[in-house]
Structures are given as C-alpha cells and as structure tokens.
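We just call them A, B, C and D in the order they show up, numbering each chain from 1.
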Amino acid sequence: MTTPTETPTVRPEEVLIEAISGMLAGLSHVAVGASSPIPGAAAFLTNSRAPTKTRVSILGSERNFFNEGARELFDLAGQGRIDAFFLSGGQIDGQANVNLVAVGDYRKPKARFPGSFGSAHMYYLVPRVILFRWEHSRRTLVEQVDFISAPGVSPANVHRPGGPHALITNLCLFDFDRQRARFRLRSVHPGHSLEEVRDQTGFDFDLPEDGQVPFTPTPDAATLETIRGPVARRLAEVYPTFAARVFDLGSAA
Amino acid sequence: MTTPTETPTVRPEEVLIEAISGMLAGLSHVAVGASSPIPGAAAFLTNSRAPTKTRVSILGSERNFFNEGARELFDLAGQGRIDAFFLSGGQIDGQANVNLVAVGDYRKPKARFPGSFGSAHMYYLVPRVILFRWEHSRRTLVEQVDFISAPGVSPANVHRPGGPHALITNLCLFDFDRQRARFRLRSVHPGHSLEEVRDQTGFDFDLPEDGQVPFTPTPDAATLETIRGPVARRLAEVYPTFAARVFDLGSAA
Amino acid sequence: MDITPTSVESLVSQVEDGAMIALPPQYSNCSLVMARALIRRGVRDLHLVGVPQMGLHADLLIGAGCVSVVETAAVTMGEYGLAPRFTAAAKAGTLKVLDGTCPAILTQLQASEKGTPFGVLRGMIGSDLLKHRDDWKVGENPFAENDPIVYLPALKPDFTMMHALKADREGNIWLGVRRELMLMARASAATLVTVEEIVDENLIADPVTAAGTLPAIYVSAIAEVADGAWPYALPGGYREDEAHLREYMTLAQTEEGFQTYLQRFVFDGEPRVAAE
Amino acid sequence: MDITPTSVESLVSQVEDGAMIALPPQYSNCSLVMARALIRRGVRDLHLVGVPQMGLHADLLIGAGCVSVVETAAVTMGEYGLAPRFTAAAKAGTLKVLDGTCPAILTQLQASEKGTPFGVLRGMIGSDLLKHRDDWKVGENPFAENDPIVYLPALKPDFTMMHALKADREGNIWLGVRRELMLMARASAATLVTVEEIVDENLIADPVTAAGTLPAIYVSAIAEVADGAWPYALPGGYREDEAHLREYMTLAQTEEGFQTYLQRFVFDGEPRVAAE
C-alpha cells in the first residue's frame, strides 16, 4: 500500500460519488450491495445531506436495520420499500442486460464470475437501479452479453416496476431509456473525452439531444469536505480496504 | 367457585387425561391448542413419564419454544415435526367432520361459533389428531355437520399425511377408521354405559370386533400422584381457571 | 432518522371509512387504546383482518358499528366464552364474515411480504371454507400429476395496529417472539403503534435486542400511552384484567348492556388500569 | 430435553456421499471446522446449496473433490477476488453449477419450511438462469390475466451446517439477526451445529434472547469447538483472519498450491486462530 505523494484536488472516485449521489437525492431508501464502496459512499453522502429523508442499508453489513436475515432485502424490494439499488456485471451490454455468470459457453466457460446474486429479482423490482462498473472497456461493455443474469428490459406483460436507470463507469455517465432500450451519454468525467468513451465502449449509444457532451460536474468544496470527513469515516466501517486506499483511512489489518 | 366437600377417588377428568396420554406415548412432539386443558394435562403426563422423549408445546402460551410467531405451529405441521394435535368442534359428525363455524344457514346462522382456527390445515397434516369434546350429546355429536371446517377424510389425490385418530368425550373413547370413515367405540368411561353412549350420539358407530365394550382404564395410584402433583402444577401455569376448578390449584385472580 | 411520537387520536385520524385493518391475535400485543379511539372517531365500514384471530378489540369495534367485514380464522373471547357482539352480528346477518383458517391468512400476508400476487398452502380442500371464499382457488401443483393445492391471493392491509412494551427514538419497536406482528407490518401499507414507553437505547443497534425488534422502516407513527393493551395482557408488561373482561362479558350479552359499557369505558374518556 | 454435545468428527460422520447440504453465506456463521472435517472424512458427490451464496467453505470442499453439484446464487471470496477452486472447476466443466438467484433459493427453502411443494417469485423472466434450470417453471398467476410468474419447487436439504456463538444445554442456538440460518434449519431434514461454547442459561426461556434463538427442535447434533468459523469472522465473536485468507488466495490459484494448503490446514490436524 503506497501513500500518494500528492493528494489530487478531486479524486476520480469523488466525481463518481457526487454524480451517483445526485441520482439518489430525495429517495427514501437506498440499498447497497456488499462490495460496492463507491455507491455506498454516494448513498452516505445523500444521507449526510438529508439525514431525515434518505435511509441507507448496506447488504451483508451488521450496520443496517434488517433482522429477518438474507431474505429481507429482497422482500423489501418486493414490497416496494427500496427506491434505489446498484448492480454491476462482468459484462453489461447496450440493452442494459447484465452478465454475472460466464463468458463463452455456459457449460465450459472461458471466464466464470461468482454468480447472479440477487440481480434476477432486484433488477425487476427496484425502481431506480444504477449500474456501476469502474472498468470501462470493450471487455466489460459489450454489444451483447454471453449470459443474461438479468435483462435490461422486459415485455409489457412481465411484472416489472423497476429496472435500469443509469450506468456509471470510470469514464462517463449514461442514462438508460427503457422505452428505446438504449443508453444515452449524459456526461464524460473530467480528464476523459467522447472519443475515449466511443473507443472503449462495445455497444452503440445515443448522444445528448443537443449533441453537446458536458463534463460530469465535480463536487464543490463543501461536498468534498463531507465526502472526506463523515462519509469516508462511515465508509471505513463497512469497506475498510477501499477507505484505506482512497481516503487513506480505515482499520487496515 | 365452590370447593368440593369430598375429593372423589378418581375424577372424570383424570380418566380422560390417562386415556389421552396413552395415545401420546412414544411420540416426539405433541402440540396443544390454547384452550385445551385436559389434552394439555395428558401431554404433560406423557412428558412426565418420558421427559427426554416427548416435547409438548402449548399454542398461544409463552411457555413453548416457538419464536417465529403465529405461523410456526402450522409450519411445524407442514414440516412433519408435529406428531399429535387436538381439535374440537361445535359439531362433530360420524365421518369425523368438524364444524367450528355455524349451525343452520351459514349466512344467517342459528348458532355461530368462533371460527375454524387452524383446523383446516392441521387436520390434514398432523398424523395423529385426537378429537376432544367434553359434552357428549346429540347436539354436539351429529349425523352430519352443518358446516365442514375440516373434513374427516379426503379423496386419495389430496395430500393428507394426517387426520383423525380418536374421539374422546365425557362418556367414552372412539377410535377412527380412516379407510371406512367411521368411528368404532373403544371403551366407555367408568360410571357410564353403552346404552347411554347410544342415546347421546347422533351418528352411527361400530362396536369393538369382539362385541365387548370395556371400561376406559382408570389411572393407577402412581399416575394419579403425577397428575395431581407435577402435571397439575404445570397446568396451573397455562390454564389457571381449569387447574383451580379441577385440582383446587392455581393463581386465581 | 428519528420519529416524532404523536397522540392516539392522531394515529387513528389516519384511518378512513372502509379501511382494511390487520389486528393481532388476542394473546399478542393488541392496542385496545387504539380500538377505543377508533370508536370515538366514529369510523365506519372497516374491514378487519384477524392475524390469524381476534378477540375483544374486534368485538368492541363490531358492537360499536364500525365494521362491515371481518376476515379471520376466529373471533374469540377464549375461556370467557363466545364473543358476544360478533356472535350477535353474525347471527343477524349484518356482518360479512370471511371465514378463514390461521395458516391461510398468514400465507396471504407472507405473499404481500414477499411481493408476490399469491401463495399456496396444503390442507383446506374439502372444507366448506372454500365454498364461501370466491377469492381462494384450488389449482394444480405444476411439479406433480393430479395434486390439487389451494392458491391464496396476497393480502395487503391498509393498516396494522399494535401495542408494544417499548419503542426507541428511531421508531424501532420491541416485539420479542411475537413475529406475526412483524409479518403484519411488512405486509401492510402503514403500521400504527402504541407503546408503553419510548426508551433511549437503540433497540436495533444492540445485537441482543435486534432480533426481537420491528425495524422503524415498517413503522408509520407511534404514540406513547401506558396500559394501551388494557384490559388485555401485554407480554412482559402486565396480566389481563380478568374482572374487567368478566364485566364486559356480562354487559355485552345485550345491545343495551354493550351501549352502557361503551359509554363508561370508551366515550367517557380513556380508562386506566385501576389495580396494579 | 437436554442434548448431549459430541465431536466435530461425529457430526460429519452422519453425512453420506451424495448428501445435499445447505451452507450459510460467507458473512454469516459458517462452520469452517465442519467443512475441514468433511474433507478429512473424504466424503464425495456432495450437492451444496448456497443460502443464498457461499465462500471459502464451498471453495475448500470443491477443491478437495467432495462436491459434484453446487446450487447457489454465487460462490465468492468477496473483496479477495474470484473463488479459485470453484472458478477452476466451473471452467473445466467438472462441476455441475445450478445457477440461481438469492431470493429464489430463499423462496424454495420457505416452501419447505411451510410444507408446500413450491413457491412463486417475481423477477427472473427473461433471465438465462431459467434456460438452464429445468426445475424452475414459468406459469400463470391464476388471479390475473396474462401475468406470468416463476414457480420454484421446494428445496429440502438433507443437512444444514452452521457455526454459532453459543448453545444452551437444551440445544437452543443463539443466532441473533441471522435468520436465514433459522430458515435453513427449518427447511432441512437435519441440522448440525458447531458452537464456540455451551452456556448454562436457557436461551429460549429468556424473553430477551428468545427471538434470536434457533429452538432445539430443529437441531440434530451439536459440537463445542472454539474458533469454528475461522478463518471467517463470527458476528459477535471474532473478525476474519485477513492474512490467512490472502494466503489461501495465493496458494489456491493452482491445484498444487491448493493441495499444499489442504495438507497444512486440513490434514495436518485442526488449526486454531494464531493471533488474538
């Protein structure tokens, strides 16, 4: 573990935390998966800004309010008591299908991922699912996934109050249009470009209607203070490794 | 509340407690409904005789080992973890149908009972259901019930590992033959007669194969001591009114 | 995320005519104080759901004319006898009774808890319950041949009402082993709770009490009110008031006597437990 | 009704080749000491069920050749990376993987818990999971028109294996909020438990601890063994042994390295946590 010799003004992770937090503003209950430190930080940031409005629960952590065991998160989703959730994928395609299972032939795969977790349920039921994948490459963002753990869109007769809302990577932020089943680029993170996004994306996507691609806003000074202070400290309780690496904080072993 | 001036040698309730206990011997788990003091006493007696063998749970009491709330009893039955249970009925008929709902027209009944409770589930799933009805009369033991809360027998394609095993009243003990869907008199309680049973029973029933109707055995001295000692004391914790009345014990208000 | 306690009258002011209200069984955390407040409010056409059965709280509401439908496995006064106002209303045909059986009602709530449109349950086939329940269906088990099973629609009450020993400042409620109350709250759109007291400790943060605590996310509003289960018992709190229940049983045998009871114990202000 | 504690070796001696074993998720009361004993016993063809996912306990058993089927929502080493022996076996095609999704597995266990032949669940339609699961069916909701829903058969494991902080002399097990373990035990034919210690207090008789206690009726056998979850954490007990898990991840990248690990930490006697 190396200590950065110079702290950058705004870390790339902080841009994502701010962008995601913007998509969570005003929601009542945000649930975060067990290995999602950046979404977790974004949820904590939203909660710091509106502590009486937005609840945050971290799956698998002892720091949530569940007491019904593993099924409570999924039951809450079924009851409509979760407003936003995060999913990732070994592959994500242009129709927002996610693959958490395998690359190549399912029975003898070239790559095998851990498995679908709760995606094949949560993706259907949580109104605002934000896809999060740090690595933006043609390996991860593909034209068509090899295995659909959970589809981006469903026929009209399939009960589906929820679905994909956006996709955020280390390069940019896409919105998802459920009617057209396509991503539309919303913004590119500072230091990156539309060309880089095009180069690294395996699927076709739309541009903003006015054709102008803005940069993803960076957090202001007050927000940075919140992220690096209370948010980072809460994060260190749940994701110590991440907090130690990014914020130089945490209870490293 | 009057105190009996003279304690009878063997109380009628004690004959029933002993008879029921005999039907519970060797079972692993006996569950008893909330308002069933005689079956409860029988279960405690069985447990006193074989404390490491037979568990007893009293529904609705805080003195059981449930912690999943109201559904646990029914789930246990569904799992096959309950060996014996008790049901009663405002009416019970010759096919062991029980009526816990209404006499006369269901929509505007002549008599209305509290309701079916869990009978329409437990009667199907618990291997040994013992029907208990203190009042043995043509009013309670009828040819055909006016409302079937739970049927005595079911067609072969209906999943039914459980069902009626016996019927015990203040007059006698019947066995139930599920193949023939008929009761067979096993014994008449001391002080009563076959004629009295015939007079007071609204349905037709079989006699023992040898035509001889024995008396229901009375508990021996050691058993009476157990019933009046440890069993009565445990009963007083759950059914104080009954224990006070029958055993002159309990925490009367 | 703190919850601001309110009054019992404010809790029941949320309940509109025709609401579907889930009520706990008579041995488990009944909020009699809310039942009395509902009567004073003069609410009408309630649809009561017994989870899975009900007692005095239902009998009072029925007798006071607040109820048009009861959906339950039983209405019972236990050792005290038949529930007098329920029995009278059922016999008069003025009350619609949706007769059920305990595990069916629990299954219907579990379907809501899980967000599925229905659940299934063994038993019931051949029971007259099914004859009178158009909302229950016998269907096939798709994993076997000729194996009928009962399909039960999800039941989502508008409200659950309960009384508990304590709540904390976040709105978490101590329920111990009475887990049907957690099921009811999860299955219902809103949950109104009266508690004996509000405590400073955080019930869900303490790993020892967390398992027996209803998390605040399921709780809509709370009022702090002593003796809220009276005359029923509160597990861990107080025993039932047998003398009062006998008095009720005597008075409520007639419509006139019941009105006397209502006047004395509901309309003339909120009674408190007399003896300790 | 007391239960007589036994040894870990005696617990796993009940497990025959081909048994279906439900295992808790990696963050919840895994009995690694039983997994190691199973490997020493040389059991074969196990069918592991992850409730709803598994970690090191499954990776060890798979790598040691004890497993022919895994039925799970995931096998994961969390922040440490992909589960190396699971990944290798899946890529080699030598392990049958029944890929599921968390709430489906929980629904299948809930069906067993309730004694129904199946349960239903929203979601999944259009997922490739369904393509590869002949045992899952898409059917209709009988209470609506044109509303497909997934039907899932009841899952009844032969065994559940878990580790807990404490048991009492009756065989009641403290689990706190880890209620998936109670579900697993209720759904399974037998439940084998290792515990850190056996205590004199009665966990189910105390109303404060009762809610978080697995009742003894669901418990088949218990062994008292310290550090039974090691190198995983035990909630309320100890933290995970990160250094050991990193060592595992390094060694288990190759078959050879994994055999070295097995020899050192499984076959050469039962290791204990080194540092406190």
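Structural remarks
The definition used in the following text is that a contact is a pair of C-beta atoms (placed from the backbone, for glycine too) under 8 Å apart; a residue touches a chain by one contact, two chains touch by 3 or more.
Just so you know, these numbers come straight off a predicted model, no measurement behind them.
Looking at A-D alongside B-D, one finds more C-beta pairs in contact between the chains of A-D.
Chain centres here are Cα averages; for chain A and chain B they lie 60 Å apart. A straight line joining the Cα centres of chain B and chain C is 28 Å long.
The mean-CA centres of chain B and chain D are about 41 angstrom from one another, to the nearest whole unit.
In chain B, the residues touching two or more other chains are 62, 66-68, 71, 74-75, 78, 125.
Residue positions of chain C with contacts to 2 or more other chains are 103, 110, 114-116, 121-122, 147, 149, 177, 179, 182, 207, 210-211, 235.
Contact annotation for chain pairs lists A-C, A-D, B-C, B-D, C-D, with touch applied as defined. Taken in their complex, chain C has these residues touching chain D: 103, 107, 110, 114-122, 137, 139, 141-144, 147, 149, 151, 153, 175-177, 179, 207-212, 235-236. Residues 34-35, 60, 62, 66-72, 74-75, 78, 100-102, 106-125, 147-151, 154-155, 157-159, 241, 253 of chain A are the ones touching chain D in the complex. Residues 29, 51-52, 55, 62, 65-68, 71, 74-81, 125 of chain A are the ones touching chain C in the complex.
Of all residues in chain C, only 1-2, 112-116, 172, 182, 186-187, 204, 207, 210-211, 213, 215-217 touch chain A in the complex they form. Against chain B, in their complex, chain C makes its touches with residues 25, 27-28, 51-53, 72-76, 78-79, 82-83, 86-87, 90-93, 99-104, 106, 110, 121-129, 132, 146-149, 177-183, 235, 242-243.
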